[in-house]
Every structure is written in C-alpha cells, then in structure tokens.
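Which chain is which? They are A, B, C and D, in the order written, and residues in each are numbered from 1.
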C-alpha cells in the first residue's frame, strides 16, 4: 500500500529512530545522471537551518545503494538511504500512555495494537519525507525541461514570515502556513481521465506529506464563488495558451500546456511547549501534557521542497504513463 | 489507469453519446444485497430535477449485468450499466474546431490526436459520474454502519442557493458552489501511511469528479493561519474522541474515530450561453463562441451524491485493505 | 484482483448463465482500427464447430460499447460484451449438493459461502474466455508486426487428433491435449526483471485459462535433464539471433529477439458422461454422479486461439511498459 | 514493475557487485516475530555448501533496517538488506563485448542501451534471490500453520544427484534439475478467478527465479495425455478431500483444501568452463568464449528454498487478499 505511482513507483521505508530510512524508486528510465551532489541540493533545502525549524541535527547524507552505475541510472530499481544517528528513544516512551494531541500516537495505538514503533513518530515521522525529497530529485530529471518550484506565501496568515515565526516562538506555540507550487514547461496531454487525472495524481502525493490539510488548483476554493463567464480561461493560441489561468493548467483532468498552479495548506506543528489536555491511559482520565524539547515552530518552512518533490513525482509518473499509451503511435 | 482502489476497485467506461456507460466493480465481498431500487435511490439524487440543473432527460435505469445472483453479490466482478438514449452527435461537431473554454475539447485534441470521441464531452463527460454513483451505492454497504453524507453549503458564496441560481440563470451565466461531506461512524485505524493515507485515498477519488478545484480536511485552509495551541484537538476519551475536530477525523493519515469532515470547491460549469473568446482552428485566429442549448447553471447541485460516492468508495477500499493487513492477526 | 496487466489492463466480467459477459480493456493506445469483423475472426476460431467441441450454440456477437469511435480506438476504456441467450439454470441446480469432480463446484461452495452463481460454472466458466479472446484481438494490433500463433500438437498423447477424439467420444470420456504457441517478430528487450519477466507476464495470463496444468518455455522440462553445453544457444549475429532456441526467446526474463516459444498442457474436461464418485452433501456420504447433456470431449481443441490471446495480451502490456520506461530517453 | 503481490508486496533491489542487495516487504501484518536467526535459517539453506554449488563466499548476514521493533513486525514496510563484500568487477568487463550464451549479457545490452550494471549479472544475478528468500521467511509466518516444502527430485534426469554432479563437474559442464514443491495445510478458498488464480500467483513468483524453464501443477504435462475419467479426483469428504490429487490442490484457480503440488524445471547454469561459440562485438564476428573461474555446476541444488519462498510469498498474498474480500462479512 505504501507505494506511489503506476510506472515511476516510489516506496519509502524506515522509522525516525530506527537504523535508517530510505526510498526505493522503481520504473526509472536508464541514462539519467544521478549523484550525491544533485540529491544533496534538495536535501539541504529540506533540512534548512532557517529560524523556525528544529535545531536537531539530522545526518542526511545519502547512500546510493542500487540502480545507479558510474553515476547514471541503469533501469534497475534505485535504492537510496541514510542512517539515523541521533536516536534517543527515551524521549518518547511516555507518549504511548499519554498521546500527544494532533500526533499519530493515538491512532498508532488503535491501528497497530501496540506493535508500532512510535519513537519520534516512527514510520509516520516527518523524517520520512527525506525519501520523498530524494525521489523528487530523480523525478525532476524525468520531467525536464519542465520545472517545479514552490514557495511559502504566508505563515499564520502573515506575509512577513520572519516576524510571525519570532512571535510564535516567543509564545512557545506553533503556526501553520500556505504554500504555492508552480510547474512550468509541462506539455499538454498529461493525465488520464477518469481515475488518474493530474489533480488525483498530485493530491495523492501531496497528502502523503504530514501536516497538509488542503489542496487547491488554479482558482481553487475561490471557484466556488465565481461565475462561469469569469472563470473560463479564453484560449489565445493554437497551442492552447490561455489569457487567465483559473484552470490551474488542467482541463478535464489533463494538462493543457499552461502552468500547473496549486496551493497547499500546512497545519501548525502539533508539538508545542504549551500545556495541553489529552487522555492519560495510565490514570484513565484526562490530563495535562507539557511536551519538552525543541520543536519546529512552523513546519511549513520545510514543506516547499517536499511539495516540489511530490508534484515532480506525480508528473514524472504521468509523463511515463502517457508515453506508454500515447507515445509513438501513428 | 482508469481504475480506483487497491482491493475494492472501480473502473468506469463509456462516452456521453456512445451506446452506453457503466461501471465495473471488482473486489466486492459476497453476501451484500444489491438491487435496482437501492441503486436508483442514489441515481435519482444525482439526476435531480432541481432548478439549476439541465432539463435534458437522461435515462438512467441500471442493468446489473454480472456479479449479483438472486439479489446478492457473489464475489465475482459486478458490472452495472445503462444505455444512452438521447444521442445527438451533431450538437458537438463544431467544438473540435472551436474548443469551448474550460472544457476538455482542447486537451482532448492535444492528447488523443484527433481520435477522441468528443461528442458531449465523450469519456470526460459528467455523465460518466453515473458509474461512480452506482459504485458508491455498493460501497455504502461495505462501510456500514458508517455513513457518508454531503450537502451544498453555498452557491456563488451565497447560502441562499435558490436565489443565487435564479439570478445566475437570468444572466445566462453559471456559478460554482461549496460542498461539505461528513463520514460518521468510521472506526479508528483506516489509512496506510505513507502513500495511502485517508486523505490521499479520498482526494484521488474526489478529483475524479469533473469540476472539483479544491479539497480540504477538517480545519483545511484555515489551518494555514492557525496556532498549534488552537489547532490541536484535545483527546477526551480512551476511544480517541476529541472535543474539537480540526483534524477532520484523521491524524497522521489514519482515521481517529471522530467524524471525517471535508469540503470541496466546485467550479462554475464551463458551458454558458454568454459569448466567450477562444481559438478558432479553422480561421487560425481568436474568435467569439456562443454555446447554445440548455446547460446546468450550477453543477454543484448535483455533486453531493457524487462526492458521497467518491468518499464511500475510498473508505470501502481502506476498510478492505485494513482488514487484509490487520484483521484477525492475534 | 480480476485484472491482468500493468498498463494494458484487461478485466472480464459475467457469468455463464447471467445476462451477458464481456471485457473491459484499459490503457489501449488510440488510433487502432477495431471492429466487429476483426474480433469475430478470433471468436469464430474459439467457438469452432470442430468435432470434439460441444454442439451448444453460443451467440457470441460482440457489441463494442465504449472506447471506439468511427472504427478506431480513442484512448478511453474499451468495453466489449455479448449477451447470453441460451440460459438453462435448471441443468445445474443439483451440483451444489453433489459437486462434480474436477469442477469448481466444491471450491465455490467453500470460498463464496453459498453466494456464488454456480450455474454452468458461473464466473469460472470457460465461457468467460470469450472476453480474453476479444481483448487478444486488440492486443494483436499493439504488438504488430509481431504475431502470435498456437497449434494443437497432440491429444491424449496422440498426434492423430481426429482419431483420438473419435475414440474418446465413443467411450463417453474426455481427453487432454498439448499446445504450442510461438510469437514471431518480437523485438529484443521486453520484460522487466525481477518481478515482471516475460515468463511471469505470460504465465499469469495463461493460467487464467481454465484447464491449464502446466507451461514451459523453450527447452522447458527437458532442460532439467540437459547439460549446459547442450542447452546454451550460440549467438550468431549482432542482433542476438541464436542457432538453437532452448531459451525460448527469453534470457534473464527479457526477450532476446528470437521466437518466443512455449507449450501448455490442457487437462481433459471434467464433465464426462461416465459414472464418477463424489461427495453428496444431501446424503452426507460418497455417491455416484452421472453427468448428462453434451460436453466437450476435448477442450484443448478450443484453446489455441485463447492461448494466442493470453500471450498477445501479456506481450502488449510488456511492450507498453517498455515504452514507458525506455522509450525515447536519450 | 519490480514488485510482486497485491497486498503482501515484495520488491528487491541491488546488483551482484554493487554496495548491497535487499528486499522491501510492504503489507506485512503487525505482530509477527521476525529476527535474524529465523531469516538465517533460510539463507543458510540457500547458500548451501553442498557439492555442486560455487565456493565463492557470500556474506549474507541480514540487517533488518525497518518495520520490525523489539523483534516484532510493526505493520510498517520491512526493509532487510545485506552488504556485498566480494566485489570483483574486473572479472566481468569482457562480457559486454563478448556476451555469454544463455546469460542476460546480450539482452541487457539491447534493453538498457549500455547503461546496465552487468558486473556478475548485475540486477539479474541469482544473488538477488537472497531478497526473495528473506521475504519468504516472513511469508511463512503469514500462512502458518500451512507449510511449504520443496525438494530436488533429480539432476540431469538422474535421481542419484551426487553422482551426476560429480560426473558433470569432471566434464567442466553444468546440468539442470527437477524440483517438487508441496504446500500442506492450505485452507480451501484461496485464489481469485479469473486473473489471480493460485496458479497465476505462484507462477508469476516462480518465474522471477532465474533459470526456471517450466512449471506444472498436479498432473501437469501428463494431463495432456490423460482421460477425464482418470484425471478427475473423486471427492471423499465434506471438506473436499480427494482420493487422488491430479488437480494439484487447485480447482478453477481456487485452492481446494488438498496439498498444493507443483514441479519446476531448472535449466543447467549458463556459465561453463567449456568452449562455446558466441558473437564478438569487437571483432564483428562469431568467436569462441571460454569462461574462467568457479561456477555452480547445478543451480537446481540451491533452488528448493527459493521455490519455497516464491510459493510462500504468493500464498501469503492470496491469503491476505482473501481476508480482505471474504473475511468477516456475514
């Protein structure tokens, strides 16, 4: 179940405090130049030392274990992993008895019947997005010359991101953010109606990122308030270019050759240093939890490169599917 | 590519103006009571004679062709179809030369190289949602006693839906709408992180409905502006019930036993009787298009039952996947 | 579960004595000429009036319901079905109480808990191979100019097929047969090690045909008795042509540009007019069963065109998968 | 493409002379005791020091990287790998210019356009079966109390295996073998007609093992020469037990509660020390190749535990699929 894509297939594995984490990439075309430097560029963006993200050091160096020979993809499955070095299981022992609000502690208990490795979020940890970012670096090569770029539009509704982070940190609280992602240079024709339209492929990938609460394409939620005469994008060239882009680059689930535009809402991190009410299983009653340690005040700061990866992976798969069915038939 | 789900698998087929349309449902457990009456209830809700939806008669009577014996599912693939009876190909001939803004005319041309059956939207027509609604009727049986209900919150930003439709119709324009969908009685533990969380399963299904521009769960886009102390839902019982529901019933991609709540934005129908600019391939220049015939002023009126079907189908699949992996292991 | 293939995907539906049977073909490239005449050629070969096959008339005329417009595939899912017209449920009522040896009566009882439609074999009937043959007609267009041909090598170990059938029929018995299938013109490079090699793709399809007990490629079971010096096929050209073909056209799971050669063993039909022992659920003891009616004395007579279809479908999928991953990357 | 199974999903990665190889197991139920000792039992059987298998030391120690916590599966993806320590790339450089008959050297050249890592067979090496054996150890836990056992029936047609190996080794040649695999304790009802019958699931897995040329179930190829009266297995109990087992434990693609019996033919290893003709790409003509180094005289000696793994994996998936669709519905 833990696989994304139909041809270009991504599976991630690992736990936050286990021996290591990684990603298996299947269906990658041969002949692509893949190396540590290329991958580290994206990983560095994800890790980020920016204010508002945790100071915990993560040793993120990738090891390319398979599928790449002399710096080039071979067509065989690509496995890339990294070791966990900062394992502190004791930090997390108490959370199975006192589940943290907003975290997966409670559902892990319900779903896995006590077998889950819940240390640091275990398999559900944001740490696992490392694998998606790495797979995204590979996906970017497949969709070239198309490019995917995401940026943080606002934090807590405030466009002055730094100021907002500072105030939230002072309050020992956390805050959400809004991200926009744009794919340029995408050819028309990607996407398979009815059950693999561009929006389905992308949203399936995007919601695999923890903390995402919503996604919208083009006009998005504003469309619910618009008139058709205002929403329809006039076609202004034989290539299908439009003078507006309420469609977000997609008609009927198929890319139309304009920029693909989407926005995602990121919730505030659940870990805060403020006191919170939750259920205490040992006491059998509600109780106050006060989480310690340093936490990200705003996870949205890290999401742009992950969102880019998710979108690139989805588009790479759509590209290969499209080539399978439509490529070269005369 | 045109299949939804991993165990409970839905495939639809047909074109708006071909011989018929239908749905193939694979992976349905045996022993479920399936009959025309049950299915017609949902189909009637989809068809709807309400003001604001097209007056075109669609003969929607289902024929259960396979997989049901003596009124009960057998475990074999279920195929249910209906015949198209109101086929008027001539209406649509001109749109391959003069693609309608907002429609799939242009991308069909780009993707299928002239081979697509574009009459009435062809395979991309909203008519195809008939199959999803029918599959949804079956899915509802699987997730019982859980229930999925959707309702239209507003049209064009206006909660007085009838008034808004009337004014839009008078302007020969169309309008979008906002829908909320709630699943009650869902057990905790559905959803597979990392790549088949509840949100991914549901959004993949929802974006298979034409005209959807966005989806949000729980707090949704509002989360981007919230603080963690405000967003975290306090756990108030050992079953995981929470006193607020910003999570929308989902933590870490897994259902937490509270209501699953989501909203979807529906764009205004692209077909309007107003004049619009588009590209004219015969003339090789931009041109004014004026669509004739009667059209839906607001497709959002029809979407609730389709959204319910999409969510029910996604949940049914998550339920069966969960039973496969976690059911019965001691 | 009832789907074959990864890109070119085949799903069949229907029961022997239900309203109809058919096939849904997804992932078919647009632009292929598909019509009733082409399909009927294969269907006629399957039906066959040859001695040794049942005289029961099956009305096999195909209706192309979707995915084909003006005689050409559109890229949308293709659904083709036929109606059952010779429905005689009463013939089969007794077999749920007295399961016929060799048939699926007993396992249907065990698996589906009484819900299965077991009339005439229900969904497990050989009648369902109609859909595979129809999908095979489509698949043949995708793999062109490659061709797949199968022939019956022997019946009951006897190369004089007609004589053997005559003697078996006189004895009110049935008999098995051996079929060879050869695919010519297959390009080198099809097949994905490790889990989608040519042999896996083909054998998965072949074993979907009822009554198949074994499959072997190239040297097949004889390889178990051979020396390497005898088995290795010398390469005699830069295209990879070999002077012998013990490999059956496949090395390391990948087509090598030589003919793909395979043989399948077909068991004798389980329905015979001779008396047989089985369990009688009404009596709660073993009992003698004597099946009436006319039956195929040798189902192997009908299998060649079905085997061709199975192999063509598998190759078509491998062809499209190969194009997805390897086509066009420089 | 390199994934086996629908719920219990196996993906292997790595190259014979890369940094390491391994397996990713998705869809494994939580609560299963998984540890190095258990896995090493099967690995040791695969490695085998028996006469006739290569003396090359392989360091096969497994590292359980993810999905297991405190010795028990968690429900998260399980990744288990081992490091390659005996990497000698220079041995294999010449084979891209002078492809070895029977090996994948030639097709790798054709398929991957020079990008493949062909050292020691690369991703197509028999070394990769390590991952299948490890996944098989996990699968065995899922199908318990059912058991799968395989044994070598003959080598080169000779039941005195040791004598045959000795004589073949003396001739610097290699030899094939015949293996029988029996699954006992399998419940009735596994398998999904039409496209996921027991035979399809098992054969897809079996043909993922290099060197397999054929598979047969129950009566197998002998069925082609039999009469129905002889082939039909009389049912002798209400549980479906039969007095003979020509069906090989499968009717209509569904397990019938008797032993599942299958045989596979293993070809002689392609690497022999005898001189052989092949194409020399540098010379542009046929040439004599004489492979050096020590090779397995009979790979069939190692196959039983791998075949057991393949069959266990297929059955585990069928078991979980069956539980998804049929388990617990009243």
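Here is the rule we use: a contact is a pair of C-beta atoms (placed from the backbone, for glycine too) under 8 Å apart; a residue touches a chain by one contact, two chains touch by 3 or more.
What you see is a predicted model; the values in this text were computed from it and never measured.
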Chain whose Cα centroid lies at the greatest distance from that of subunit B = D
Considering A-C alongside A-D, which chain pair is linked by more C-beta pairs in contact?
-> A-D
How many angstrom between the C-alpha centroids of subunit D and subunit A?
-> 36
Chain-centre distance (mean CA atoms) for subunit A and subunit B, in whole Å, is 25
Note: subunit C sits from subunit A at a C-alpha centroid distance in Å of 43
Subunit A: which residues touch two or more other chains?
-> 1-3, 6-7, 11-12, 27, 30-31, 75-76, 111-113, 123, 321, 325-326
Subunit C-touching residues of subunit A, taken from the complex the two chains share = 6-7, 27-32, 75-76, 320-321, 323-330
As the complex stands, subunit C meets subunit D at residues 1-4, 6, 10-12, 99, 101-104, 106-108, 110-113, 121, 123-124, 128, 154, 156-157, 168, 171, 173-178, 188-189, 192-197, 199-200, 203-205, 207-208, 210, 212-238, 240, 242, 246-248, 251-257, 265-272, 274, 276-279, 281, 284, 286, 300, 321-322, 325-326
Touching subunit C in the complex, subunit B uses residues 1-3, 7, 9, 11-15, 18-22, 24, 26-27, 30-31, 63-67, 69, 72-79, 81, 111-113, 115-117, 122-123
